[in-house]
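Consider the two complexes below, in which chain A is the common component and chain B and chain C are the respective partners.
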Partner chain A sequence: MGVVQLLTTNRKLLRWVFLALVLALIVTLPLYGGRYHTSVLSFVLVYVVLAVTWAMFSGTTGYMSLAPAAFFGLGVYSMAILQHTLPFPIVMVVGGIVSFAFALLIGLVTLRLKGIYFAIFTFGLVVFLSELVQHLETRLRNTHGWAIIPMNTTMILYVALGLVVVTMLAVYFIRRSRYGLAMLSIGGNEEAAGHMGVNTTMVKVLSFAISSVFMGVAGVIGATQLIYINTAVAFSTIYSFMPILMAVFGGMGTLYGPVAGAVVFAYLDTMIRNEFPRYFLLIFGIVLVAVILFLPNGIAGLMPMLQERLRGLKARLRKGGQTEQHANT
Partner chain B sequence: MPILEGRGVTKYFGGLVAVSNVDFHVDQGEILGLIGPNGAGKTTLFNLISAALPMSSGEIVFKGQKLNGLKPHRICKMGVSRTFQETKVFANMLALQNVLVGAFFGSPKHISGADAAREAAQALEFVGLSAMSATPVADLTLVNQKRVEVARALATKPELLLLDELMAGLNPTEVSEAMELVRKIRDKGITIFMVEHVMKAIMGVCGRIIVLHHGEKVAEGTCNEISCNKTVIDIYLGEESHAGSQ
Partner chain C sequence: MIEQIPELVVKGVLAGGIYGLLAMGLTLQYGVCRILNITHGEFAMLGGVLTYTLITNLGINPLVAAAVTGPLMFVIGFVLQMTLFRALKARSPSQPVFEGSALLVAFGVMYVITFIAQRGWGGLRLTTTWLATKVMFAGVTLFLNQIVAFAIAVALGVALYLFLTRSRLGRAIRATAEDPATAGLMGVDTNLMLAFCFGLGALLAGIAGPLSAMITNPSTAIGFHNTVIALIVVTLGGLGSVPGSFVAGIIIGIVSQLVTGLWESSFTVTVYYAILMILLLVRPTGLLGKR
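Moving on, here comes the complex of A and B:
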């Protein structure tokens, strides 16, 4: 009784308990979930990282990046090339650094593009990288694609969980910092941000590069689940579009929105794909349109909306009770 | 002593000359008005000073330092801030956050979070918007959005403030309040250079006025000199409303 009361009155505590439960569930999943579910969950966590870091950059600055697949793919290829020569943790670091360096370069060249042009360029970047890597691959190795040695699924799940935690902490602190405020001001009005002393170019390039570090590391982890990779797998545009859909689906205004979106979306994706392989995309599309129409703030916006409805309903009921003797109000 | 000086300031848009060989100076502590018909080049001149646009030729000097070639954020940090003709608030933020951006990034020195928050709150209070600091700026009325812009600019701790049509679109009461605000800012020791169409306002607060027409400076002087100036009456104030009546 006392515990229930404590939880219903203390929101913060409730949130921490919920978070601990989720973490416990994830950590213990390998014990009863089996390898399949463990593996699926690892990839869901990879998507969480992509969605959260995409929202961190694009959701705040308003620059729609379609480049996640490029950085994810660089991570996948880092793993493919280095898996036999370097230990896994070092490969993750390399994947992050490669993505960071590449994003820095790309950012400096392209972040002067505005709106749809930036989106188009970043999309082209994915295709370009894919072609370039394939070309180099055939020239240098005379083969196509790489086999990835399977790794312990439990270990990968924990590594992915660790990356999620680090990502969330980083994004949390960035959002709260003056740096996050600068990113938001660029999304609000870039010209005014510049005149208020914000070094807009620096902020854009750096935040673009920081978000891509996590995408690169996510690629390294994701690669371990892919068994065989080639450029079509590693640089699949799915890895650009899914995080965006997830972030939009979950709601970009909050930290946990993209997380919720990624989890629901990734499972929905797997489920619909298994249950209705033929109507998969159709159902997917309908769900997405419905969300955009009815939940403009995503899943994260659902709770406040419901609360408001509930309050309105309560108020109406109370009013109805008082004025029962009178005519309709 | 001039705080800001422009020599031969010129801006071409393709073949069109928007600002043509304009010399001007703004004295420390004054309120200088910039008037002229639509398309005279007033906002363009402001954009050249704040580096929103690159100059075609000429030079602008602020406190002995050339501004040519600097980025807008550098100029802001040097002590020149501005507001915009069509309001450019950060519509995705609260009023206080808008001002915080100025407080955090506007001055060259690193500022702590607590100090920035205090300065932002002070700036909002100065423009009379304390009550709305937690309101999303998109929900504010035009006049209040303009006030947020002024507070945001003040939070950067400028020495020179460029006000681009602060009074446009305001009703008479709001105009008087805005005039009062402009004087209050000057009394803080901030030099003001303002573009304005509302004659009552410009004549009421400015010590000196520059008149632009087709990108050229056609007159400069005190309010009385300007309102009696034959050229100004002909080109700007029109045939009916003679400036003498002001």
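Moving on, here comes the complex of A and C:
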């Protein structure tokens, strides 16, 4: 009784208990979930990282990056190329560094681009990288694609969980810092932010690069779940648009929003691919349109919207009742 | 090597006509409706594969097919703007938010169209080439279909330019692009203009599809590639500038032929991208874009 009362009155405690339960569930899943579910959950966690880091940069600064697939793909290829020569943890570091360096370069080149030009540039970036890698691949190896040696699913799950925890902590502290405030001010009004003394270029480039580090490492982990990869798989635009969809669906204003969106859509993704593989494109397309159209602020924005509707309905009912009374008297 | 260059340039100009046509549609849609239509290339793809069906079932030639696919795409574009994008615009709190959401919605539509095309036509290349007779022109061997396609593309480009600059409807469209609120006060039905422009953009893609189907065989997988080329061309020419898109289309056509002829065809997108990167650094608004 006391425990229930404590939980219902103390929301902060409730949140921690919930978090601990989720963590415990993830950690113990390999014991009873079997290899399939463990592997699916690992991929969900990879998507969580993509969605959270995308929201960290694009959600706050307002610069829509369509490049997550580029950094994810770089991670995948780091894994494919280095899997035989280096141990897994070092490959993760390499994947992160490669993505960081590339993002820094791109950031420095594109810092003058505003609005839609940035979106176009990052969109083309994925295609550019894909073509370049494919060209080098055929030139140097004369083959297409790589086989990835499967790894212990339990180990991968824990690694992915570790990455999620590190990502969440990093994003949490960035959001709370002066630096996060600078990012938000760029999203609000970049010119004004510049006049207030924010080094907008530095903040943009650095936050773009930081978010890419996590995407690159996510790519390395994601690669272990793909049995065979080529440029079409690694640099698929789905890795760019899925995180955006997840972040928008979950709501970008909060830290948990993109996580919720990622969990929902990553499971939906696997479900559709398994149950209706032929209709995947159709369903995904319609869901994307519907979410943008009907849930522009995500599910986080849905609750206040519903409450408002309900209040309006109640008021109307009450008013209706009153007019009826008037009619009677 | 060097003696090849004039031939490649002529071929490039001819190929660039279709790129220009495709890009003009995209630039119109962005310039007026503020929608960066990622589905654009898929419309051209649909035009191409529909041409195959029309040719094989009705025995008509691709030019007649273009007269069918163009208006069909116009209707699809018109309806999309009237329903989806109009509703989205009404819900968006600001212009940048609308542009971002419209891009994502267009991506969703792209998936649906790809799905329909893959169901209907499969993933194979369909044979549609027509008028593949060789013609000697100033010492260069060309194919008749390339010349015909280029002529039609130029004619349509000029017609569109004249329509936008000289006609009453064109003026209403430009007014809507510049300032929708004021245009509305002046009696322009802005919603209708937006839908008309989006439809017109789709129409151009719907004609570019059959024209390129005359020269190379289309497949359902080509849409995304079309979009990427159109995006590069549009950015090169200046987003929203119709003549800029046509000029940039021809430049990209020449570049593609030069890279394919002198270097390697798998490098074309990489080279486009290098050009785009340099241009964005030097002149972020494109060749003929407004500052």
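Brief remarks on what is shown
Criterion: the second predicted complex is superposed on the first by the 275 of 329 C-alpha atoms of A that agree within 3 Å, B and C clash if a C-alpha of one lies under 4 Å from a C-alpha of the other, contacts with A are read in each partner's own complex, and residues count from 1 in each chain.
As a convention for this text, a contact is a pair of C-beta atoms (placed from the backbone, for glycine too) under 8 Å apart; a residue touches a chain by one contact, two chains touch by 3 or more.
Predicted model only: the values in this text are computed from it and were never measured.
Contact with chain B, but none with chain C, is seen for A:Gly188 once the two complexes are overlaid on the shared chain. Legend: residue contacts after superposition of the two complexes on their common chain; A:Tyr158 is shown touching neither chain B nor chain C. Between chain B and chain C, C contacts the larger number of chain A residues. When both complexes are overlaid on chain A, the residue A:Arg178 reaches chain B alone and has no touch with chain C. With both structures placed on the common chain, the touch criterion links A:Phe88 to neither chain B nor chain C.
Judged by the touch definition given at the top, the superposed model places A:Tyr256 against neither chain B nor chain C.
Shared-chain residue A:Gly197: touches chain B; no touch with chain C. Comparing the two complexes, no residue of chain A contacts chain B in one case and chain C in the other. Within the complex formed with chain B, the residues of chain A that make contact are 178, 181-182, 184-185, 187-189, 191-200.
Contact residues on chain C toward chain A in their complex (touch as defined above): 30, 36, 38, 84, 87-88, 91-92, 96-97, 99-101, 103-105, 107-112, 114-116, 118, 224, 228, 231-232, 235, 239, 264, 266-267, 269-270, 273, 276-277, 280-281, 284. Residue ranges on chain B touching chain A, taken from their complex, read 50, 52, 71-73, 75-77, 81-82, 84, 88-93, 97-98, 100-102, 104-107, 113, 116, 152-153, 156.
By the touch criterion stated above, chain A contacts chain C in their complex at residues 62, 64, 109-110, 112-117, 119-121, 123-124, 127-128, 131-132, 134-135, 138, 237, 241, 244-245, 248, 279, 281-282, 284-289, 292-293, 296.
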